[in-house]
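In order of appearance the chains are A, B and C, and numbering begins at 1 in each one.
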Amino acid sequence: MRPVAYPYPVLPASELPEPEWFVEEGDDLRRLSDGLRAWDAELPLALQTPLEGWPCFSELFESNGLAEALPHASLSLIAETGHSPITGHRFTVLHDSLENLDVQEGITVDLDSSRLVEKVTLHLLITVSACSVSGFQLREGSVLYRHAFSFPLEGSLATFPVRPVSFSEQRLGSALWLVDVGQITDLNQSLLGSILVYLNSDHKDVVDRLNAGEDRHFECLFQSDIVSTVLQVILMNEELEIDFGQTYADCSIGAVAAAWLAAIRADSGTSLSIDMLREEMQHRPGVFRSRCQAFTLGKEQP
Amino acid sequence: MTDVICLQSEPNPPSGTITAEGLLNTMGRPRLSSTEMLLRESLQNSWDAARIPGVQPHYMVRLFSPSPDQLEAYASFFRDRPEGERCPVRNGLEHFFSSGTPVLMEISDFGTVGLGGPTRADGADAGDFANFLRNIGRPRDTDLGGGTYGFGKSSLYLMSDPQVLIVDTLTDVGGSEQRRLIAHAAGASYSHRGRQFTGRHWWGVPSDELDDFVEPALDSTAAELAHRLGFSSREPGMSGTSLMLLNPRLDDLADAPGSEPGGFPSIALRRRIGLRLQEMLLWWCWPKLVRDEHGMTPMRISLDCFGEDFSPPDPESVPQLCGFAESLRRSREKREEDAVRSLRPARLAGHLFITRRRFGALFPDPRWRRVLGDSTLIPERLAHIALLRPAELVVRYEVGTANEAEEFEWTGVFRCSEEQEIEEAFALSEPPAHDDWEPSQRLTRTQKVIVNAALKRVKLERLRLSGRNRPEPVLSTEGESVAPLSRRIGASLIGSGCGAPGGEPREPRLTNTGRRRLRLSRPSPGGTRLEDGRVITSFDLKLQGDSAPLARVSIRPTVQADVSRTEMAAPNGLKPVIVAVMIEGSSVPLTDQLVVPSSASGTPIRVDVSMPDYVAIGLETSCEELAQEVTS
Amino acid sequence: MSWLLPQLPRIFAEKVIDEFNGDPASRFFTGVEHPQRIYQASGGDRLPDSQLLELRDEIIAIAREFGFPDQPPSRTRNEDYALFEYRVALCLADWEPLGTDHHSVIAETTRRDWWSFLSLIVLPEVACWRWVSETQNNLLKHKRFLGGGRNTFQRIHRRVLCFDRGTSHAARFGLIHDLKEDDFSAIIERPSLSSSPRIAVILGEELLRMRDRLTAAGWGLGQQEDVYRQAIKDLCTYGIVIAFDVIDDDQLRTLVRDAFIRREIALEPEQLTNTALDEDDSSPGVLGAVRSLFTSSPARMRVTRDGMDYDASWSMSIDGDSARVFYEACGGSRDVRRNPDYSIALPALMLNLLEQGWIIQQVLLETERVRDLPEVDRIIRSDGIVYPITRSDALKIDAIAHLIRHGAASIGRAEGARGKGNAQRRLRLDLRRT
């Protein structure tokens, strides 16, 4: 969700260090943003965020003119999980009054892994019960702070889902690769669950060449095929209503596609609209694909 | 002698009370059979009462049929019975006397402190006697004791058909020994002649001080009664408690016909009962029989079944169980390499040690399986970790499978730390039946973390030792290392977007002339305030880049209508409206399209918007390069 | 420990659909094995095939009750399919491997690839039968067969997850029976609301209450849909600022109800045009206008709007500290159904009485038709009306009047009244001095 303004004073999210989440793996702590090494549905997922750099709650509230709200404030952690919001579910992991919490201790929770699938979004919220603050009447449940962090249970966000497979064995034809973009019913559905690129391992030399990474142009062609295929599926489905102004869920296909579209528009130097791009894709597909190529070629090398 | 024994039936006091059913229902629904619960509970009670230094407590279970003389003594003792045909205790007693096959089960301990303290519950300090016989539930007070609920004793009543228990105890009262005997029943509540009764009854000697109240028979009276009722003899100095259950509800007894050739019960049945009780004691209480470094066992346990000795053997001599003994001894040593710790906070949860044995290394002892068949508790092949507190009674087993792949079985012990806070955490995690560890509301956060760390580690070991299923490949992934390609494409196509919400869009692109394209930064909320009774909120953003001197900027406030949806108006129909715009600190007139000059360090823009409703609002922005000044 | 459910990865599921589309004769069950069937790679046992076969038998039996393999008669087709889906919901809720009675959702059961497997491999005939109406040129729609929010069976399971009132409720899945197809979409397609069953249940219950109110007042399904679509959007909007997950059930219910009522009221014509309006009245609308009416004619109200006149008459008898007000609304010159006087004059009247220091102990229906009923049965009741109505309710007076009006309509209905409700409704307000 894009940064929004609330109808009452809130804690300044932009000034608070962003909570970083870790997972306990054996005796170590590992950054969740690096991905889970091996997730087992039988073991609880032990997570924690140390709230590094946060002042203690009373100081935090006072310095933001919210001292009156502190006795009414609670912290909650809500976990949302599933392939997409529509097929997924959410549950409250933690809900405690701020007076019972010590910022120094951070937050530690155990998630029952049987309740989790595909991707997890952790929503950290600070809310208040009905109270008044600086002349504002805050209603029950009003949000003073929110932070969302998503991570996939299987695979990592740092890698794009690419899988070598023998096409002949799986009766998939004899192409070099296949960009499999599944049904996208909701732009907030998880990226990793929506795209999978199969490389035909029957063409071993091709796989090696791509993997070695020395042929930049070939790789750009590969990437641009991915980009144009995904965008085509999304643009063709008008129900999805992808738009530049929107912010989609973390790690979602919408987030990634919107970023690509924004970059393509920025490249054009004009105010290309979604409708114009759609038109182009349908009636002048060559131009559209050329834009996608330019996009992948023009990127800063990581 | 027994003429002096009278009945006291407890009516509901005006303030109400927990009825006997409430008492009996407090166990919840454990997964153990009632006989197992009976043995575990009573042994736990005996262990808690074994507070005499230097004395090895002796726990004994004895099953027998009363002789005719003894039966007559019972009839006399229970001459006074509760009235009311609906009273189940009354009916149960009738059955005991009329069935022709009465059975008695004595559970006793010696070398323990007995049930001391006042015999009534209305004094300041309730002692063991009052707590056991009068009160329902009390907080745990025995340090590192086995039980944590007073409710535990309800299993005793459940096990007797008329729910009657006779208690004979020898205890220390003010420096000298006192013998006490009293009977208690906990039946279902019932009404009689318009009065409601709780279902609790006592048989004893009428009290001098209170009406309708009985006290235990004392000293020589008690001793004489005990002898007649068939209690095991108790010499002076052998303090402790004996409980007599009338008609114990043992499954095997229930299946037996009433009259059999050779008398009741048959030899086969006796053997069955004996072995069953023996294996229950072994399976749940073997730690009490594992010798320490001085060769002493913590307890002596004996079992007499209709005259035949079925005392449990030394677990080290039972092939299936010797691995447990070894693991227990090792965990008692509290070695660092066996320690199990939680991470945050870092605390010692306990010690875990597991032994392995190759298949076929030892022959399992077959005696239980031969008679009890598949209903036997002790398995032939072990894949178990016993969970214990320092009181050393098995809470439960973590059960896995013997490792087929590497052909070994395994037994282990997790023994939690003796440190008070930690031991308390595990104790409070136990439900009334003491047969599991489930961190609950009663624990502090730290305690929950510690218990969970232990459970997780035990589970991990169980999975590891059981040999996990080999993961099946989704599709055959040959040459699995396209990882470098995956990573490169991920970095390039996905970028830093994921996992970092609210991040700035990627770096501005360079134009052909090498300048950075003009773009607007993401609007950042600047706070909400009241101004002249209106709610106003502001946003800060910057025009960045230098590809053109000016930009045409359009800004539109919208209402956040869902996680990724915006609307023009709020539910109450009103729209957020821009009330002021400042560019580089100076106010500018409000128009649909602003013209903003670019600058090297970025041009700051501040927008004030009126809040239409109790909603969240954001700004939609776009900008277009303008080659030169536009004169409007 | 839960079962591992069999899955069919999407790319292979699509191939099966292609085969089905290529040859309708292939759309048949050929056993639960499939070369590309896979299971999740974690500890746990795979679901035995026998369980799948049992489920298949049960669902086919249910389908047969509705005509399978033939279509249900066109006259009752929609209701039949709705009832079929309700029965399947109960069946899935009962099917142990889905773990509905588990204390929390078993996430494995939401895996799309499992539902693809169920629809394409285990129950292809039933899935095809269900969607004949959607099938054009005999081509199956992917969304019904591939796992996802629209999958034939996953969408039913989703209802089981969202609208579960809990094991201790007598009508645990009653909402799945009572809500309509469009209601489900409206709620489920807003996961910010529906992903939490607590919220979805409350939403469903309030939707049904709204339906009762509006149906009794004569509003059709189309308008009802407008109301709830809008109300649900409003809730999503408020949900950004108020975290529904942390407020308790009662507060949530009130919030949801208010959202519905706000939109229901909006169905009434709102503005009042009357030349007797005070110029300096800073809040034009109901209050100002009717105040002036009161001063000009105490016993009779005349309201003009959009060129139509509506009459309302009221009388008051005071007896010491208590009083009774009889209020009667007559129909106007046009569509009687829309009793605008109720929506404007009644709340104004009530507000006036409250401001004069009365509290309203109860409101009864005094119409001819129900006069014979005992008083206690004529008291107008509704969720949201708490007697006595006092000055502190002033801010909600429009909502309360709205509820009174619809509550009155129900009393009339209970008497077997047919038709759109009484044009002439007489209310009695019992008052007491504070």
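Things worth noting here:
In this text, a residue touches a chain if its C-beta (ideal position, glycine included) is under 8 Å from a C-beta of that chain, and two chains touch if they have at least 3 such contacts.
The structure presented is a predicted model; accordingly, all values stated were derived computationally and were not measured.
Inter-chain contacts peak for the pair A-B, counting C-beta pairs in contact.
Every chain gets a centre from its CA atoms, and the centre nearest the mean of all protein CA atoms is that of B.
Centre-to-centre spacing of subunit A and subunit B amounts to 37 Å, using the average Cα coordinate of each chain. Between subunit A and subunit C, the centres computed from C-alpha atoms are 33 Å apart. The centroid of the Cα atoms in subunit B and the matching centroid in subunit C are 41 Å apart. In subunit B, 463, 475, 560, 563, 565, 614-616 are the positions where the chain touches two or more neighbouring chains simultaneously. Those residues of subunit C in touch with two or more other chains are numbered 42-44, 192, 240-242. In subunit A, the residues that touch at least two other chains are 1, 4, 6-7, 40, 42, 85, 139. By the touch criterion stated above, subunit B contacts subunit A in their complex at residues 341, 343-344, 445, 449, 452, 456, 459-460, 463, 475-495, 497-502, 505-509, 511, 517, 519, 522-530, 535, 537-539, 558, 560, 563-566, 609, 611, 613-618, 620, 622, 624-625. The part of subunit A that touches subunit C in the complex is made up of residues 1, 4, 6-7, 40-42, 74, 76, 78, 80-92, 95, 112, 114-118, 125, 127, 139-143, 172, 180, 182-183, 185-186, 193, 196, 198. By the touch rule above, subunit A contacts subunit B in their complex via residues 1-10, 12-14, 18, 24, 27, 29, 32-33, 40, 42-44, 46, 48, 85, 105-106, 108, 110, 134-136, 139, 147-151, 156-166, 169-170, 187-188, 191, 199, 201, 204, 207, 210-213, 219, 222-223, 226-227, 244-251, 254-256, 259-260, 262-263, 266-267, 269-271, 296, 298-300, 302.
The part of subunit C that touches subunit A in the complex is made up of residues 1-2, 10-11, 40, 42-44, 104-108, 110-112, 142-143, 146-150, 154, 158, 161, 188-189, 191-192, 195-197, 240-247, 251.
By the touch criterion given at the top, residues 463, 468-469, 471-472, 474-475, 559-563, 565, 567, 570-571, 614-616 of subunit B touch subunit C in their complex.
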